[in-house]
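Chain nomenclature is as follows: A, B, C, D, E and F, assigned in order of appearance, with residue numbering initiated at 1 for each chain independently.
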């Protein structure tokens, strides 16, 4: 099977890390494609960045449909464009926040999220509500690291994140940690070893879950709001992306 | 004061109707600009259309900031791009669904939403949860009218919508109707007269509320996640829209 | 249009302040009546005071109906008698807590309420649930000021409230402040200037929103539980207030 | 022990029925006082009636404190004035809706409420939320009986209520019925015999629960918002009821 | 009437204390049986202990049905086996957590729970949600006392619990305390005297409430999921417990 | 890896079907053990059956720990004993209801559950709340088939279930079906083909998800309430199952 990981952040070093994490968890017969769109923000750190990332991200899903892609992972913790992507994909589409938070729910009765900037905390909290894990999510914590800092100085970033995870375990009454940025994928294993509790990276969780859904013969429902978009004219810059 | 109504549907006859509804409610000193973006879907009828509408819509907000616009209304019942728009606007930005549902809450302990296609019902229901009106919203009803039908044959559309509103009053235990599409703005007054209960059109509600917020001296908070986007590079098609 | 602001606290200096705040926000063609009922507590600081305030408050609504009043504002943060008032009014009736909290929701993804006494915090929290803003309201904070202190020594009160607002911004992750007492109406502008975030006073928010609803042609629904009370006999002291 | 049942409806035949129901359930050493206030609506069928009932009702609590009353029951399904009454009572104060709905929760995983007029359904639904029984309450049903009809023609009322209860059992998936008006107290036993499921009358449930709390040595907390009202001046008609 | 208190902890000194507390609250005509099952954990301190306690506990209910028992109390704060017990009992079955938390809701708008070990906090929090008291329960607090410590050194345990209750009152904004372990039943009265707020022990609350329900003529609904279990074969160790 | 599927129903033909479904979805390197406990009900159709199933079920987990089992699936839609099992297992433990409902959430914005007997509907609804999928679960439907009927006459059962699924799609506004009994595992593929929407069987979903978690290097958290049970004495029949 072929799973396409789309990192809507257009920082390619981050995409490479994400691809490596996905490949490490994928089963033997699974091909992992890890890409960044041709269009989009270098990093995604707010509502505006998210909205602007959708065009490129959705184009990668559209291309995937003719590349024989079986499932997609959107590798940004705000899960931008998720519902839209499901309209145009036949196979499952998973967001990394959704997959990480649901996976954590199998492993502990409470988890905390450790993310990058404070301003993205609200985005994660809205997803906590959307995905119905308010009862499990003890707290969403920021460590005031810009996404780019994860690329620039991984070692410093690791120490900052580790410290925040330790505070989470000490103060939040949680039994697991969810990493709140796809760019932390390469730190997951070390953090889990250091902390002694499950540390869930969404890229890994989403890739493994996408495989699981495919193996179970499950695809996106085409009955209801995930049916293909109604054909219509689009105008201006988005004209080439009109549903046919 | 200057209020810009952005209809992210790029069907100009719809924009004209919306502008007329907004102007009719605006106070004497208020200038209403009603526009459709240069880029976007002819009509918005699903998650994908919404995502694709954001780019043009946000560009209109960005332009508005240099046009002396004091407040914005996003005239599509899914409230696409609302949080993103608030990051780049100084003044208030209102979605029509948000304004309509909150306005209805002042007038009745229960309202029903009457919208276009069944596939958009989920979008409205998610907004019901987001805006905390689950206790007031008795039901979201579709009348299986495509958005374009509101333009093509207004008379037929009126009858279909009226019938659905009557079913809502008979079956849902509601005391008010919220119109679930900005393209119904021109039908609001007639429906209210025919039904004898408050009928709330979001364009009217949002325009009037935006004026109210401005008169109260209130602007979008720039502390937290509505602070201006962090400056960064954007790539490809969205490159011109990078936050400066 | 004519809007009647009813301050159920029978402290007239407070009513004067409230009237001034309402007049400052009202549009040119709007007449603001600001009154305290003939009957009621000097200040409202608990469930009992609220219940005892209703009789006088509702009588002011009843009189308003024959005075050509178009809309009403109940100027006490517990929104006492709100549903009852809507039964006997044709036009919109707004509570200041309701209007303030809903207005704040347009401006920030999170707000905190700063109110007077700790014992009224529960009242505000119940309204947070009733109005569906649990997801936006980060915290309700008391500064242990009796309502009368707002009249007696405004300068000291201002400092106390300012300090609590600053704690809210520092600790609660909120982007806006809602003032939890109508008697703080005169401090709103100074607080907003000092804090640099939206500070929402309910008197201002409710007056402006009432005007907006009127301009939008919206009135209280008379279908359902806001229909006029059923005619019946009342006994004893309340006999003169029986619905006719 | 001495329990005072206050029927805020000032229809004395109803108070007599309520008193009989309370006495039938009370233990041997318990004295039941059943009264209607000197002031208030003949029947309570809406928000306005409720608000107007509070003055008389609270006066009965105030008098009770000097009559050696140990606990109070507010015998109207909207539980008017409940929080206010708790401020001025030392012993427990129970509303019949609260007691009925909580008692039902011990006996079935789902119950339906059968009440009088459709316009009071919203009042009951708000209490369902306030008391946290949304998960248990399958539906609130009206049988369009005015409260007075329960007094005027008990036999006809019985048949109407029975039929609605049967519909509830057939359609709602409930295992118990809560009677939504204190004036139905005399029908409870017959309905339970006819229906074969628990039928909970609030007067009976509240009286029995009040006794239980007293026997357990429990009183209203005087820490927090149920502390006695702060002393202050009251003006006009309510002047005699000012907290001392 | 005959009420059977089943302490699923098989520590008999604890059962004796529990029986004494129940007898002290029971009315004159009420016989209290206090037992521990023949089978089960010495103390219950987690999900596994709870699951393992059910067999013995349910057997005591089954025996009760032929002993003329009118109502049951499950005396362990996790309310293990409650729904199952209701299937096989004719009379009411009450859990101590359920009864304590609902009783507290009549007395204060907020309570905190003080329980034994941190690992049982999640169990109590799940019950807070199940019983719909999330709005009332300010916090669940552990004092890191194993259940056995309540038996071994009551004086030390008392001091530890008292201190935690005091912290709850100081920090949680609560007006009442719920004791989170049936083994604290003997400390309730002293704690209440020391703290000056209602302190609710579940054994006392459940016994008194069971009596109240019986006096009100109420039994477990046999319509729906509390109907007797369907007859069927059981295998192995549980074979003797198959529903007949 | 080695995954143990425990069917707590002790009907071996059902266990065989469940094992086949699990093996069909498992990856090449995965060994599936499918067992029924030595002790337990022939079928599980209520709270009592569930409680009585736990002993045997948990013993199978305990044995699994010394058999090198990496993950467990509890193959009964009520997810009995799930939290208890997680205390004694090192690897992930998944309930079929949990896995099915979470998997459905990736594929459609709304699903309906089709289960066996009406009396088990409440059990499923409680899980809907526990797992936070109230927003996705449109309805839980029973088709009044006893579990044994799935074994006795599969063809008739298929028709009954198919008809109920068709009603769900026609009436509930759902885009996917969750099968509400592990004994329906063999019908899943045919139903999905017939209905044209995702049909999720929990055995398949849980087995695939368990593999995914293992491949992602995730295990049950041992910090908090899933830590191993505290060592203590057990009495009577459960004595051999005491935590060591």
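Points to keep in mind about this one:
Here is the rule we go by: a contact is a pair of C-beta atoms (placed from the backbone, for glycine too) under 8 Å apart; a residue touches a chain by one contact, two chains touch by 3 or more.
All figures in this text were calculated on a predicted structure; none of them were measured in a lab.
Distances between chain centres, each the mean of the C-alpha atoms, put C farthest from chain F. The interface in D-E, A-C or A-B that matches C-D, meaning over half of the contact pairs are the same by residue number, belongs to A-B.
Distance from the centre of chain A peaks at D, each centre being the average of the chain's Cα atoms. Centroids built from CA atoms put chain F at 43 Å from chain B. Note on chain placement: the centre of chain A and the centre of chain D lie 52 Å apart, centres being C-alpha means.
Per-chain Cα centroids separate chain E from chain F by 29 Å.
In chain D, 83, 109-110, 118, 121-122, 129-130, 135, 173, 224-225 are the positions where the chain touches two or more neighbouring chains simultaneously.
Taken as a contact graph, with one node per protein chain and an edge wherever two chains touch, the assembly fits none of the named shapes, being neither a line, a ring, a star nor a complete graph.
Taken pair by pair, the chains that touch are A-B, A-C, A-E, A-F, B-C, B-D, B-F, C-D, C-E, D-E, D-F, E-F.
Only residues 25, 27-28, 83, 92, 94, 98-99, 102-103, 105-110, 130-136, 169, 173-176, 189, 192, 196-198, 200, 204-205, 208-209, 211-213, 215-226 of chain D touch chain E when the two sit together in their complex. Residues 10, 37-43, 45-52, 54-56, 58, 81, 83-84, 86-88, 118-123, 126, 129-130, 146, 224-225, 227, 229-230, 232-239, 241-243 of chain E touch chain F in their complex. Those residues of chain C whose C-beta lies close enough to touch chain A in the complex are 109-110, 135, 173. Across the interface of their complex, chain F is touched by residues 118, 121-122, 129 of chain B.
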